[in-house]
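Just below sit the structures, each encoded as structure tokens.
One chain, chain A, links the two complexes that follow: it is found with chain B in the first and with chain C in the second.
Right after this comes the complex of A and B.
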């Protein structure tokens, strides 16, 4: 049985908004098994990235996470900064969204990969260099020695992405959080990156944060859909794609190119002005008066399939 | 390639020098009054007209402006702006005698203020929004807003007069008459002026470093560095390397501020450097000396900028290294 590596229970995040601190995200119940890729999907601004930052303990100043983030049995929210830091990069890796700005411009690729290894594994000298080169090779870079010496501005976008992934995965983490790894890529590069991520996550857990449903479909095993700061549906990817239970999931699927690019009417609410009842009700074609008044809770449909809707399809 | 770049930069520097020299020439001649009319007044208007005219003639001041400009330029490029009206010796020699005293204050002050400013700026940005950050910010604003001669006067009042630990001014004690100039004695006299010059030099660097760091700490690569579990000291070092670049660029311009500061501070502390000479020359409208001093300042600032420009590729790999 594939046991659970990361789980969040009733995770809610208070952030500073224009009108003072406010609980904007949550409750988020998320589960990432020990092996395989879990996709976290939702429109821009639904709080996907904030959830990933909360897992890493890197929320912006003034924000606060409540609830439980359990990683391999440890509650990450109860850890001290130093213990969390030792976990970041070693146990939990984060692959940033924009590789063009994710590497420090004045340091060489080798410096940035090597420092991660130095601080977590204490490697130095020749063995450190060998490890860096073999990591770059495993990322499919043809001239690793040259890339290692180069500063980010001399590398192409694709190479930078690979260097960033190499730096993130240097210490063989058990969980990889990839934040929008395919945003802004053409379809061929997108496939390459997804293949690379699929390869490097073999035998490990990955949380793939994306708004690209088709990318999610092509690599993931499980999917969690977020809308306006909360989870609306979770399940095995095939089940969800074949028979989406939440109207939002269905609408998202209809909006993909292969299913006709049908737009979802209306806009997703700002996290600071969330409606009282079901958050999707104003845009839902099946909503009733009851939906607008009562906020639905998560209900289990079967096994691992969970949905937040009183009238699932 | 590198030589092309160097030649181009040098050419630009020479043109800059030329323009600055023109401005110096014109500004000094638009000042009200001149050396002779000051002198005439001090003699109670008893100086014979012939003597006055003879002076103007002897110094070429009776000639038309464009003719004076030609003489000025032929002197400017050889650094010979003529004989001081007040001292009757070449202006260049006067400066050469005193420049050492000024550098004795300026160099330590420049080094200390840059170092302390950068350090406090980094620290302040790291603790951004905390009580210490805001009080440091307020303190720096006060230092910047109050002119250097006030700080000089206060330093003398508190640390030389009320608590008579440091000397009131000058560069040596009277023991010079018995035992000659001693290094310790000179350094003891230089301490307060250096402290004041350093103090007024800090805020510029501090503000720039703090802003540059705050901006850099929000970059994606800082988040990525933290996400890789790097210790905070290492993360700050990532930011520091990038944030330092604008500070280095501006440090060349800080020198201009320090030279100005030294004029006031040397005057307040009666320190026999170029700053004090500037005040004297200004009061007496001693044009050759003023011209020489301002040309020297111009050269200092141009050279500092040139050095910063040429050293940039060493600091930032994104600046192309010519010749590679």
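Right after this comes the complex of A and C.
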């Protein structure tokens, strides 16, 4: 049975905005099983990355997360910084957004992969080098010895992305959070990286943060859709793609190249000026006066399928 | 790098290496002590005294050779102290941020409002310092001024995605500052070190010329000062006056070339702009 490894319950995040500190993200109820890939999708600025930083305990100064972030039965929000640090890299690893800036520019690829192994597992010398080379080999990199000695600026975007993935996988974490792993990559490299992520997620959990729905479809088992700081739909990926229940999910799917590139009318609201009622109502073709007044709660449609809409499609 | 630039850089490094060797091997290069009389005063250059003797009968060549030690220690030790202070405090303030950064930055602002050179003159007058104390005073003063530069660089570096990535893999603040931010500042610190060393060597000669250095220390500034005051200039004894001037000029130019090349190596746009 594929039990739950990570779960957020009523997670809300208070951050500094133009009009002072306010709750910008939430409520976010997210569930990641202990095996397989869960995609977290949504437009840019909807709060996907902030949720991932809250899970890692890396929110910017002045921010505060409330609710529950349960990882393997432990509430991460109750842990001290030292305990969280022990967990990062070893239990939960993070692959940052931009491959061009995700690696320290003045250190070699080997140094950057090795430090995680040294820090968490105490490996040194030849055994450390062998482990780094085997990790780079498993990433499908040609001539791993050369890549290991190279600084990031001498590597291509795809190679840098693979090095970042290798660093994340170094200590065999139970959960990997991959933030926009395919952004800025050409279509062929994108496919290779997605294949690699698919292989890397075997036997472990992965939270794939992306706004690329087709990438999510190609590798993920489950999907959670976020809009304006809250979760609007969750379910098995095929169920959601075949019959999206939330109008936003439906509109998002219609905006993909394979479904006609139909743009969603209007703009996503600023998180600091969230409308009353349903947050998607101003852009929703099916919205009613009731939608604009009442904020809908998550409703279970079937099994693991939940949606935040009073009139699901 | 063009071949002309390479030759210039090689020449500059060779000059610096020669100065370092002279400073280390000073007792082997001259049989005389720079502080004791070893012949008649104001002697012209000859086989016994290659650059003649000064008004006290001291060998000028010996003074010149031993003076290299003062210039190099003032330059390199002072620059090392300055860069260490700037890097340590600048990284800590820039990375930590918050109220500590605010308070310390305001204190540094106040200290930066005090002109550096007059303060240095007052401190040297007060302490009549020897070689290492001058290097320490100059290093501390320049280090405080350098904190702002390093802090501002760290403020942007610490927000870079690779720092977030490293934190996401479990690194602590101390580790990130030592292993990721400090190496990322390497190019800036190396340029700062070379330019500060050059600056300090010239200032050191100036302090010696003004008589603000311990008279028991041999340095080129005191040599030039003595030469101008005791007949070197009026009697046309160029071998007393000119060599220390040439010595400081040559090392200063060599360090200037090294500093420019270091900056260009770290910022290729400068080379392109010149082409």
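By our rule, the second predicted complex is superposed on the first by the 313 of 313 C-alpha atoms of A that agree within 3 Å, B and C clash if a C-alpha of one lies under 4 Å from a C-alpha of the other, contacts with A are read in each partner's own complex, and residues count from 1 in each chain.
Here is the rule we go by: a contact is a pair of C-beta atoms (placed from the backbone, for glycine too) under 8 Å apart; a residue touches a chain by one contact, two chains touch by 3 or more.
Predicted model, so just to flag it, every value in this text is computed and none were measured.
K.L.:
Superpose on chain A as described above, then tell me if chain B and chain C fit or clash.
P.N.:
Pair status: clash.
K.L.:
Going by the contact rule set out at the top, does A:289 touch chain B (first), chain C (second), both, or neither?
P.N.:
Once the two structures are laid over each other on A, A:289 reaches no partner at all.
K.L.:
For A:105, decide between first (touching chain B), second (touching chain C), both and neither.
P.N.:
In the superposition, A:105 touches chain B and chain C alike.
K.L.:
Just to be sure I read the superposition right, which of the two partners does A:88 touch: chain B = first, chain C = second, or both, or neither?
P.N.:
both
K.L.:
Is A:261 contacted by the first partner chain B, the second partner chain C, both or neither?
P.N.:
After superposing on A, A:261 lies clear of both chain B and chain C.
K.L.:
State whether A:120 touches chain B only (first), chain C only (second), both chains, or neither.
P.N.:
The answer is both, since A:120 touches chain B and chain C.
K.L.:
So which bit of chain B gets in the way of chain C here: 37-45, 55-63 or 109-117?
P.N.:
The segment of chain B occupying space taken by chain C is 109-117.
K.L.:
If you lay the two complexes on top of each other, which residues of chain A touch chain B in one and chain C in the other?
P.N.:
Chain A residues touching both partners: 56, 58, 61, 85-90, 93-94, 96-98, 101-107, 115-116, 119-120, 164, 167-168, 170.
K.L.:
So in the complex, the part of chain A that touches chain C is made up of which residues?
P.N.:
It is residues 53, 56, 58, 61, 85-90, 93-98, 101-107, 115-116, 119-120, 164, 167-168, 170, 177 of chain A that touch chain C.
K.L.:
Going by the contact rule at the top, pick out the chain C residues touching chain A in the complex.
P.N.:
By the definition above, chain C touches chain A via 97-98, 160-162, 164-172, 175, 179-180, 183-184, 186.
K.L.:
Please output the residues of chain A touching chain B within their complex, sorted ascending.
P.N.:
Residues 56, 58, 61, 85-90, 93-94, 96-98, 101-107, 115-116, 119-120, 151, 153, 164, 167-168, 170.
K.L.:
Okay, in this complex, where on chain B does chain A touch?
P.N.:
Contacts found on chain B: 129, 219-221, 223-231, 234, 238, 241-242, 316-318.
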